[in-house]
Structures are given as C-alpha cells and as structure tokens.
Amino acid sequence: MLIEALPYITRFRDTTVVIKYGGNVLSGVSAADESEALRLFAEDVVLMRQVGMKPVVVHGGGPQIGEMLTKLNITSEFRNGLRVTDAETLDVARMVLVGRVNRDIVSAINTHGALAVGVSGEDARLIRATTLDPELGFVGHITEVDPTLLHRLLAEELIPVIATIGTDDQGQAYNINADTAAGAIAAALHAEKLVYLTNIEGLRRDVADPASLISTIEVQELAAMLEDGSLEGGMIPKVESCVHAVRNGVAKAHILDGRAPHALLLEIFTTRGIGTQVTNGGEFE
Amino acid sequence: MLIEALPYITRFRDTTVVIKYGGNVLSGVSAADESEALRLFAEDVVLMRQVGMKPVVVHGGGPQIGEMLTKLNITSEFRNGLRVTDAETLDVARMVLVGRVNRDIVSAINTHGALAVGVSGEDARLIRATTLDPELGFVGHITEVDPTLLHRLLAEELIPVIATIGTDDQGQAYNINADTAAGAIAAALHAEKLVYLTNIEGLRRDVADPASLISTIEVQELAAMLEDGSLEGGMIPKVESCVHAVRNGVAKAHILDGRAPHALLLEIFTTRGIGTQVTNGGEFE
Amino acid sequence: MLIEALPYITRFRDTTVVIKYGGNVLSGVSAADESEALRLFAEDVVLMRQVGMKPVVVHGGGPQIGEMLTKLNITSEFRNGLRVTDAETLDVARMVLVGRVNRDIVSAINTHGALAVGVSGEDARLIRATTLDPELGFVGHITEVDPTLLHRLLAEELIPVIATIGTDDQGQAYNINADTAAGAIAAALHAEKLVYLTNIEGLRRDVADPASLISTIEVQELAAMLEDGSLEGGMIPKVESCVHAVRNGVAKAHILDGRAPHALLLEIFTTRGIGTQVTNGGEFE
Amino acid sequence: MLIEALPYITRFRDTTVVIKYGGNVLSGVSAADESEALRLFAEDVVLMRQVGMKPVVVHGGGPQIGEMLTKLNITSEFRNGLRVTDAETLDVARMVLVGRVNRDIVSAINTHGALAVGVSGEDARLIRATTLDPELGFVGHITEVDPTLLHRLLAEELIPVIATIGTDDQGQAYNINADTAAGAIAAALHAEKLVYLTNIEGLRRDVADPASLISTIEVQELAAMLEDGSLEGGMIPKVESCVHAVRNGVAKAHILDGRAPHALLLEIFTTRGIGTQVTNGGEFE
Amino acid sequence: MLIEALPYITRFRDTTVVIKYGGNVLSGVSAADESEALRLFAEDVVLMRQVGMKPVVVHGGGPQIGEMLTKLNITSEFRNGLRVTDAETLDVARMVLVGRVNRDIVSAINTHGALAVGVSGEDARLIRATTLDPELGFVGHITEVDPTLLHRLLAEELIPVIATIGTDDQGQAYNINADTAAGAIAAALHAEKLVYLTNIEGLRRDVADPASLISTIEVQELAAMLEDGSLEGGMIPKVESCVHAVRNGVAKAHILDGRAPHALLLEIFTTRGIGTQVTNGGEFE
Amino acid sequence: MLIEALPYITRFRDTTVVIKYGGNVLSGVSAADESEALRLFAEDVVLMRQVGMKPVVVHGGGPQIGEMLTKLNITSEFRNGLRVTDAETLDVARMVLVGRVNRDIVSAINTHGALAVGVSGEDARLIRATTLDPELGFVGHITEVDPTLLHRLLAEELIPVIATIGTDDQGQAYNINADTAAGAIAAALHAEKLVYLTNIEGLRRDVADPASLISTIEVQELAAMLEDGSLEGGMIPKVESCVHAVRNGVAKAHILDGRAPHALLLEIFTTRGIGTQVTNGGEFE
C-alpha cells in the first residue's frame, strides 16, 4: 500500500538521483522483453519524479553500437578489451547512442507526459573531454562536467536523459564510458544517490560464491577491493565510479539487478533494499 | 564596417528567427566544403545571438538518411516521389537526424562557447504528430507544436537546434518534413522571420528564366502561385510553409541561396538583401 | 503497490483538494480510536502533499464545543435545531475550534515535518461574515472568502488547517457552519475536488434503503433532490455546499465515509472509488 | 505633528520589532478598559507597520488561563511558584491562549485591514520544545526557534501574532513562558528591538524606591544585577530574556509601562523615551 | 499626534502622487525663505515616501529662466503672453531647469538619504514632444509620455524629480509647460492624486472675491468654468491639466497654497483639507 | 565585415566599460564638427550596448563652463592652474555640466531609442565628496562612490551618462575632476575597461617625440612615470586614475585619440588597437 512508502517519499523529496541504465541490463533478451523492461523502468522514473525527486538518467549502448557496426561491416580492433574508436566508429557510436538508445528512453518516459528531454554531453558543453589513450582513438577521458544545463532542466521539473558523448574546445567528439560518466555527473550534481542498474544481483566478496553477496559496504573497504584485484573486469568502471562519486559528495551509491521488475522502486521506497549499497563510512563531511 | 549594421542590429534585437538549414544546401559538395560551409553558417548563427537575436535552427537530412539506408542495404519503396517509411527506415532516419546531422550542427556552434542544445521534436513533446498517409508509413503530419521547451532554452540565451522527429501519445515516432516543421515552429514561436537556406538563388516566376527571380512578393500572390501550379516540386513544401507561417503571425519569410558565404548575415544586416522575401501584404494584423 | 497509483498521482499533481474533516466522523468513538483515526487521516493528507497535491483541511467541532459548554454549565437555547449563539457561547466555540480541534489536527500532521499551519477565518480577513439570522446571535453567513493567505501558504507547500470563524469589518467574530465554509473555500480556491469525510457511507436515494446508495450523480439531479425534500437534515448543508462548489468551478465533490481507514487515499489513488461523487454533468464551462 | 517623527521613521524603516504584550498589562482592569487598551495597542502596531517597520507580537495569558481553570473547577498544584501543568491543564492553557487571547489581538488589529495572522508555536514547527522540569509537567523549555514561517509572513507585510505553545517531534505540546519566548524569537529574527509592555514603569535599582528607575543600562550591568539577586521575581524572566536577546544580536531591549496610552509609539517615535532600555554596551559585534 | 494620521496613511499606502512644485510658489521671496520653503517641502515628500506612498515631483522654473536670460542679455519676444523660444533661449531654459532648479530639489531631498533622482523628460524618452506653435519656436506640445523609467525608479523606492524638457525622434529638445506636463505624467502613471502647489489659496468662483474660494468641485463643473472664461490666465494650464488628469484615471486633483508650511502634509494626512480639490463626480469609471 | 568582430563581441559580452568623453576632445573645433563627432561617438556607444556590453559614459565640460562664466562676466581666480570655485562659479559649473553637456550626450544617444539616462553624481548619492583644498572652494575630493543606481540602470539595459557633481551629507555640491571621477566609477563598478577619449594620440615616453608613443604599458611602470615627473600636466589626472582603476579591479585602461572617427569601436572590436593601453602586469589578482 502507498502509505508504506510515505517515510521514504518524505525522506527523498527534492533529492537528485542519477540512474545508470542500459547496455548490459538488457543484453540477450528478446525485443519484446526489452521493450517491456523499458516500459517498467520508465514507470519507476516517472513515479520518482511525481513524488518530488529529481531523477537523471544516464545510459550507454555498447551492444546496440556493436550491432550497428556489424550491419555496416565495420570491424574494430581491440586493445586490452577496449574497442579502438576511429572517426568512422565514433560516428556510428554517437549516432546510435544519441539517435536511437537515447530516443527510445525519452519516448518511453514521455508516454506519461511532457517529462523527458534527451541530452548529449555535447549540448551546452555538458561533458568536456580529451583523449583517454591515443591508441584507443576517440575514446574520451572526462576533464570537466558543467551541470548548468541539467540544473535548468531539473528546475523545470524535466527529466534529463543523457547520452555520454563528450567534446573538446575544437568540437571533436569522444565516446565516454557511461558508467564513468554517470559517476562524474552524480558528483557534479551533488546527487543524493547514484544507482547502477546492471545484470548481476550485486557485488560479491567472492565472485564465484553467490552467498558472498555484499549488502552494504563502506567506501574505504570498496576502494581496498579495487586495489587488491578481487573484482571482476566488467564491474571495475562501476565500482571506481561509485568510489569517486561517494568521495565527492554523493551520499550513497547502489549496484542493483535491473532485470527484476521495479527494482528501482523497491530499493528506494521499501525496506526491502536489494543489491549492494556503498556508504561513505563517516570518512567525509 | 560594423557601424553599417547598427540600424539592423537595433531593429532585430530580441526577435526570434527560425532558420531552416541543411539537406539540399550541401548536396553534392565535398566533405571539406560541407564542413567549411557549416563553419561559416555557425558563425552567422552565433553572431546573430551575440547581437541580441534569438536564432532557432531547424534541419533536415534527406541525403544523409539515403546514404545510410544504402549502406545498410535497406531499399525503399516510393509513392508519388515520397519514400515509404517502415519501422526500420524510421529508425535509421531518426538515428541519422538526431545522432548525426543534429550533432554536427551543435558541435560547429559550440566551438564558440556553450551556446547550442540539440533538441528532437520528441523532447518534452515539442512536436506532436500523427500519420500523414497510411500508405507512407511513419511519415508524420504535425498536429501541434508546444514551444514551451524552446521558450525556456531561448530565455537562457541558448540556441535550439531541432531535428524534426514528432511523436504521438503512444510514443510512436514519425519523420516530419523539415521545411514544413520549420514553418510550424516559426508560427508557434511567433517568430519575426523564417529563413530557408536552399541551393537555389530564390523563387522565379518562370522556373526556366533566371531573370524572373522574385525579390519580394506578398503572401496572397504567392498563395495564388501555389494554386495555379507554377512552382516546381521541391519548392512546394517551403512555399506552403512560408504562406502558412506568414498567415500565422510571422512577419517575413525568406528563401535564400545558402551556398553563398554568410548569406544569412548579408540578408539580415545589410541593405543587400538577397533571394526572395515573402511579406504579409497588409493582409493580416 | 505504489505503481498502481501512478496514473492518479500524475492526474492530480498540483491540484488543490479541500477536505472537510471532523465533528461527526468521530462522534461516539473512544479517545484512543479518535486519536488513531486522526493519525491515519494525517498520513493521508501528508501523502497527498508529498505526491504534489495541495490539500486544504477545513474542520468543525460541534461535539467538542457542546462538551465544553456543558463543562462550563452554559446552557443553550435552540431554534429550528440550531444553537442560539450569544457572546459567551461564541467565545467558547471559538476557543474550542481554534485552540483545541485545530491544534490537534495541526499537531498530528506536523509529526511528519513542518507541514501544517493552523488558520482561523479571522486571519488576514480570510472569511468575511455577517449575521445569518438575528435570532441565532453570532451564527455567521459568509459574505466573502479572500483566499490570498491560503494561496501564499500553498505556494510555500504548507498545508492550511482552517477553523471556520468569520469576522465583519468591526472585528465581530461569527461561528460558521464548517460544511458551508468548506464549499465556499473550495469555490474561492477553484479547487479540483471538495471532499466531505462523514460518518455515513454516502448519499442514498431512499434514506431508509442501504441498497439505494448513489455512486455518482450530476449536479442538476442533486439540486433537484435538495428541492424535493428527499434528503435528511444533517446532509443538507453538505449537499448544498457540494452543489454550490460544483456550480462555481470545483470539478468534483465527494461524500465519503471517513470512518474507514485511509478512505481519502482509496478514493483518490485507486479505482476503488467509494461513497458518492457529484459531477458537473457538462452543465458548466 | 507627524514631521517630528520623520527621523525615527527613517531610522526604523524595515527593522523588525518584537513586542511582548498581554497578561499583566491588563490584570485587574475592567473589560471595557481592557478592550480600549487593546484598541490603542492595535493602533500602535498598525502604525508601525504602515511606516515600514515589521512588528511581531508575542503574548501570554496567565490570568485568562487561571480564570478558565477556575470556571472548569480544575485545581493546580504549584511548585516554586510555578503551576504544575498536567495534560488537562495544558489543554486548557492552549485553548485559551490560541483560541481566545490570540484571537482578540488578531481581531483588534484586523479592524484596520487584512493585516494580522494568528500563529501558534506549533505551526510549521516554529517553536521546538522539551520539558523544562519533569516535576512541572508540560511546561516547556525552548530548544529551537525556526523563524521561516515568520519571515514568510513578514515578507508579505503581515503581522504575526504568536501564542507561545511549543512542540516536540512526537507532537506533544508544551506551555512556554511568553517572556522567554519573546526573547528567543527576537534573537532568532535578529530583531532591532525587543519591547516588553508591562504593568510597571521600568526597572528600579532599588525595588522599593521609585526614584531609582533606570533609564538606560548596559547588558553587562544588567547581567550582574541578575546574579546578585537584586531583582524582584516577576521581572526575572523578562530581564533574562533581555540579556539573552541583546547578547544574541538584538540591538536594544525595552521594558515599558504598557498601561500608558500609546506607550509604544512614544518610545519609538519621539525623544520622550520612557521606561528602561538595555543596550549592548559595545560588548558585541 | 501621529496616530491621527493613521487612517490616511492606511488609505494612501502604495499610491502614486504627482506634485507640481516650483516657479510661482517662491517668486518674490528672499533666498533664505526660498531655501527654508524647499527644506520643508523636502520633508513632506520624504515623509510621504516613508509611510509607503510613491511621490513624483514635477517642477518648472520660469522665474529662474527669466533671471538667467537677463544676466546673459538675451531678450525675448512674446506672443500672446508666451515667450518665443529660439535655440539659444531653449538652451538656457534647459540648462537652468535641468542643471539648477532640478538639482536644488534633488539635493534638498537627499539630505535625508539616497532617495531622489533627477530626471529630464529626455531621459529614456520619457516625454515625447513636437512643436506647439511654429511661431513660438521650441515650445513643446506633448505627444506621448512613456512612464517606464518612472515605474522602474518607483519600484526601487526612489523619488523621481522631473524637469519638463521633451524631445522628438531627431533629438530636438522642447521646453514644456510644467503644469501641463504634471497632468500628463499623472495620467500616464494612473496616479491617485495630482497636487499643484501654487501661490494662491485655491480656485475662486469669482476671482475678485476671496469668500468665493471653492473647496471641492466636480470635473464637469470645472470644465464648464474653463469654457465660460471665468478663470484668470495663469490658472488655465493648471485647471486644464486637472481636468485632463481626472478624465484620464487620476482620482483627485488639488490646487493648494504652497506658501503655507507643510501644506502638502496637512492636505493629505489630516481632515483639515485646504485649497481646492477636483473630483471625478462619478462621471468616469 | 561584421564577422571579423565576432571574437571581440563574444569576449566583451556583458562586460562594463566606462568611457570618459568630452571637454578636450572637441576643444577648438567648429560647432558642426563637434556635433558630428558627438553623433559618431553616440553610434559607437549604442553599438557597444547592442552587442551586449554595458557602456557607462562620464563627461567633463571645462571649456563649456569657461565659456558660460565669460558670458556671465564672472571672473575666476586660479591657484596652481586650478580654478577657485566659489558658490556662484559652482552654480554655473553644475548648470552647464548637468543642464547642457550631459543633455547633449543623452540626446545624441537617444536618437537611436530610449537608451540613455542622464545622471548627476548627486542622484541617489552616487558620488560622495568633501572639499579637496579649502583654498579652491567647492572643488571636490571623492570620498565614496555608491554604484547602486548605476547597477539598476545597467540591469535595465540603459546607458548612464554621468555629470561629475558630488555632494556631502548636508547637500553641499562639489565640482569633481571628470578624469578622476571616471577612474573611481570604473573601480566601483569593477569595470572591464576604462577608456579615456582625449585629443592626443596616446602617451609618449618622451613628450616631445611622437615616435615614443607607448602602445602598451604595465601599471607598475606607469606608476613609476608618474613619480619621476616625466608626464605633462594635463595627462596627470588621467594617468593617476588609470593607475588607481587598474589597481582596484579594472582589467585594462586605455588612452585613445577621440578625434579619430569611431576610435572606440576600432579599439574594442578590431586587432587595430590604437593609443595606449595600461595592463595590470600580473601584479594583482
């Protein structure tokens, strides 16, 4: 019943929550399932906004980019597991992220009203970037996030949906890791929460042991896990971003299983918190 | 010299000008030429903003869409010269317009500062649409333009750059003719001017006779030309939109040759007006 | 589940709802039950506010006034079932309404935060009144409602809780029927809804027949029932006020059984509407 | 003549003045005299507001509470001269303060326009309190004053009239000494002046000697008098509050004889300052 | 006593009053008397502002202009009693009005604080004018008053002091009759009152008979007196302006004897109204 | 062409520029030439405003004052080359500055629209002054500049034109050196630039050698030149003010030849900077 959520609604009113959505959440599911998952996710985001929160959606789109590159017969070289991004690849990545994945999310939200606005990191110089590694081409490293445009949209009670393309002063675009970008945006907005919707149920102390799922962890301990190499590859950008965000003013970071229906709502509005939460452990003021 | 432009700067301060750019302006030119033309166009738009005007850019992208469809081996059926747009084609059109053409224009403007924001007609339900003709698939007919988001961006002194994708209440996207959309947006904004940058030097009374170029024409006469069939096909959406816009509160509409460097500035800030201008001929208050 | 309420939350966001509470709802129950009922009512009001609605509470306090008069050994004369209100009685009525009933409601709401503000109709000349009938003494007839103070409090996201004492220009106070005042306040605020929480389950076509409960009725028909005398006495001020409010801009009026836990929430946020609703039947624009 | 007041009007424009009124001022006078005194007081407060000052009225009501307890045959125990306040007594105190004394003052002011708004310390959590001494029951000790609501009302050019009931987080009410509350409110508002209207002509160095009336005294010296026990009992809360207020940002505190007509105006707008004023003696910045 | 003025202060709060001062008021008095009269006038204006009114001062300066022309040995031709104003005379008139008379009034007011701002009708195109009569040279006829600048200054609680020089689009200045200008400014501001401070005690029905002083007159009757020629010459511009102003939204116009100390205050804040008042006689809404 | 100015327009948008104009610029030219020079100057100022800058004009009027004193047969004593200013001389100076020179500049600007507002340093206590040297009479030394009024006018996009008369608390006026006042106003406004339009082409290291013209100089070096006596007399107030302004937050000061048409525009909007510029040489933050 609605009334059970009242203390959480009161607690989180007017707070900003950055949600990383997409990519892996939906990999390997059918188009109909994907569409249904997006519909449920949109409901969660709209409800958060309706009860007075300020959700910001950040998305990636690796699988969709890969698919389009295949259709266009563009082959990529990989270095250390990262795709080398030449000008043609960048063009496709940007096109897919901004012109397809972003649009689908905006559309799903806007079936509930004039609520969402798609934003690229290029708009009003939101994400400034430079090259991460010359060998990787136009893969970007964030140098600055200017949240002015986001503050304006949030003040108008709109929901920004952000594709993580950055630019430099010459107008050169870069593809940015969406997990990293979500953390940097959450820090720049001094968000209350940063939530990663993933396709795993949370962090494990022992990757192989489901029983070792971590329910809550302080940022110091998580930083130690990053250093001692006990984390699997795909989680590293998320975990690094969680640590960065919590150390830069975000109150809590969460890693949830986005495949469960309404995972976001359950985490925020009930005592049935799920997945892993990262707290600042009293380390910071 | 700058001082020559003073009366025009004074006259057009705080006025909104909708500029249709793209597509045909650049068809058949080299990538370098296209990039240079875009650079000059961006300077014009930025200058307009710096002297206190409120420019709004609307763009199409037919050639770029066609090119991508070809690359993806998607063939299109045509009816009465119009491409039938099935779901797959729509997806490509949206991806190219929002994720490529729009981005290139935003990028070019933002080399001058945090000035431009890319917008799709789907954002905050800017362009509401329904199907134009069931036989044409997802080609859209505009039912309403809600300029709220544009007013917000203009109030922040930002330059909206609009890709003309519309939606209906169910979130279904439609591809909209950009010439038509530019006219509808200009009318919704009560713009002072609507400017079409094209690849011809203006309207001719006799299509075959360069000497019959029309310098200025009242909207009644232009409406008559539409009816008597004396206009060539490609110009019809532009001319219809000019008539619609001028009959709905836009003071003047212009059809210019966008291939000339700084055509926009010359038209607005000097007595050397070029191309064809459409006035309301005292018909409307 | 929360998500079920989403369409209602969206629908009623930013709308003003005037709720008449108190008096008969709780007559004959124990103090503990009364306190628990008030606690549940406060939760409903706070939740409405948290999801973006603007609740306004109006209350009476007939039983509590009667009780205090008894304690003070003040006896009242009655004419046509209405208590004659001399200066001493008025003083007690005002004291109990403003200093006890109002305070209890404000307190219950404010256990959730700094949300409610108690208001008497005397404050900033909210309710202007004159004598209803010289024989009844200081029983007031409303001549004007000035909602300025309420608009200010609502703009600050505060919840006004109103005791229905009115005044004239000389500062003479009057006791006002709370059902009537609720209707006048709803009309002055152009509220979306006016809700009466009562101790009956709704209106019946035949007072004696529980099966004749009216679920929905158009205002014209209800007005006819008022005239043909088919309504029982205690309902008449409520019904008159419903008719007045709906004929003056309030979209819907409701008569609910306030004894059911969370009756207010069930009515507003679910399809399980209860009690009787009065619609304008297309009569008015 | 008005012009004589000009320098004072200029000096005090936009300053906040907290005035403690009631209780002892009027004890032992006839109802007609009380009503006339209130009428004159209301004129003073309205005039202060009309010339650009921001008056805030704080009132007690000991005599009126005592009278009502007598009528209700409720007897009180006293400890150290303070009434033990059980739940029933608290209920009466709150009812009389908020529902009678407060209302009378608001009414008297509002004969001049929609100017005054009655406020209880419970509204929007204005006065937070806890128990002063378990033996005294619900007599409160102020833990915090949140002046947000007062700032809002003052910004709207309204005159807050405050009954000094406080609450804790569980919604439990407490009766607060009005002299103490006036000082705490003046400090929280950073008022320019705190004025006590009493039934004595001011402080005396020797209680028994009318010739020892103190015209002006520095806060340090007054604090010393508090400690050396040279003050009579009833003045102690006023004097403690004066010291507290002046040591917390209030520029001057005054103790005046409220029985003299327009004492307030004479003190503020003429050189004929009366009673005792407490200055900060250069002790604080 | 101040309290006597309270109802008038309440009545006139936030109202705009245009006061014509200068010229004849002071003609023939010593410099010391003139300076003392100005000091008293400044006090009145400052007091009006301090109690919440919005005074606007308009002044002429005929005697001072005449004196300067004499010193500069510039002789003037007169037609129908009006000075022919050639370019040189205009220059002197403007210099004396804006650079001397205006400055003296601003200075006198600003001894009370940063309150007054001198304004010429040329500033921000406040008074637009054209030639009144080619034979009179640069004597102006008002074509438009744009009160924007005055509204801005009044919103900042500043007191505009206006020298009545007008301009046309080419920047040509004109000398405007100050009585006429005061009326036009009062009408443009929708002032509550227009007050002429003169050197006579008011209008007389019979110029020769002091006993025929008119205390109050409706605008229709006054208009009739204008037409039947019963008014003496010097009063005609004042009376015409009173009629114009009252017929264009000004509630009352007054003609007072400015030589009496604090005439302005006595008229506005006491029942001892002096001079002649012109009412709209129910003629206009 | 306009586009060449784009980077400068972008760079100086929203910056405040104080321009000292008048006096020597025009001495010895014909009235027609003076009028033409003023017309060109007004164009420059209006253009600066139209492209988003905030120009503030400060002017002197020594030659015009001298001329008027001569006409009025008022002879002046001089001490150390400075005119002794008695009450009569001050009156003439104020009259000419505020009532003639100021008006001419305002008029010239306002032929382009409702843009300029004439201001005296007396208005709203803009320039506070005391006597510079008792022997010189009412020649003022600036004690404080209160830029509040200027900020208000600039916020309304108006152009203040300032006559440099100051006052003390008693309302006594003083004539202030306009070069000095311009520097103090620029410092108080934290202007981006302070520009002196003079009748020389800039500063020379060797007064006698045109080839020694200084194009750019750091403030330390310029301060040294002031001390070693290498500057000619008339330049000293300008140079002192440049040093003062740059040492108090003004980014750059310029000394230009105001006789060249559009000197101001050329300096600001082109690479063809002319005259001498003073930079802060990294000395200050």
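Order of writing sets the chain letters: A, B, C, D, E and F. Residues in each chain are counted from 1.
Please note the rule applied: a residue touches a chain if its C-beta (ideal position, glycine included) is under 8 Å from a C-beta of that chain, and two chains touch if they have at least 3 such contacts.
Keep in mind it's a predicted model, so treat the numbers as computed, not measured.
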Check your understanding: Which chains are in contact with both chain C and chain F?
Key -> none
Review point. From the C-alpha centre of chain A to that of chain E, how far is it in Å?
Key: 68
Practice item. Please report how many Å separate the Cα centroid of chain D from that of chain F, as a whole number. Key: 56
Practice item. Averaging only over C-alpha atoms, locate the centres of chain D and chain E and give their separation in whole Å. Key: 47
Point to revise | Multi-chain contact residues (two or more partners), chain B | key: 113
Check your understanding: Drawing the touching chains as a network, do you get a line, a ring, a star, a complete graph or other?
Key -> ring
Review point. How do the chains line up around the ring if the path leaves chain C toward chain D?
Key: C, D, E, F, B, A
Review point. Where on chain E is chain D touching in the complex?
Key: 1-3, 5-6, 9-10, 13, 43-44, 46-47, 50-52, 112-113, 262, 265, 269
Study note, to complete from the structure: The chain D residues in contact with chain C across the complex are 71-72, 91, 94-100, 102-103, 106-108, 110-111, 113-120, 122-125, 146, 148-149, 152, 156, 158, 165, 167, 169-171, 173
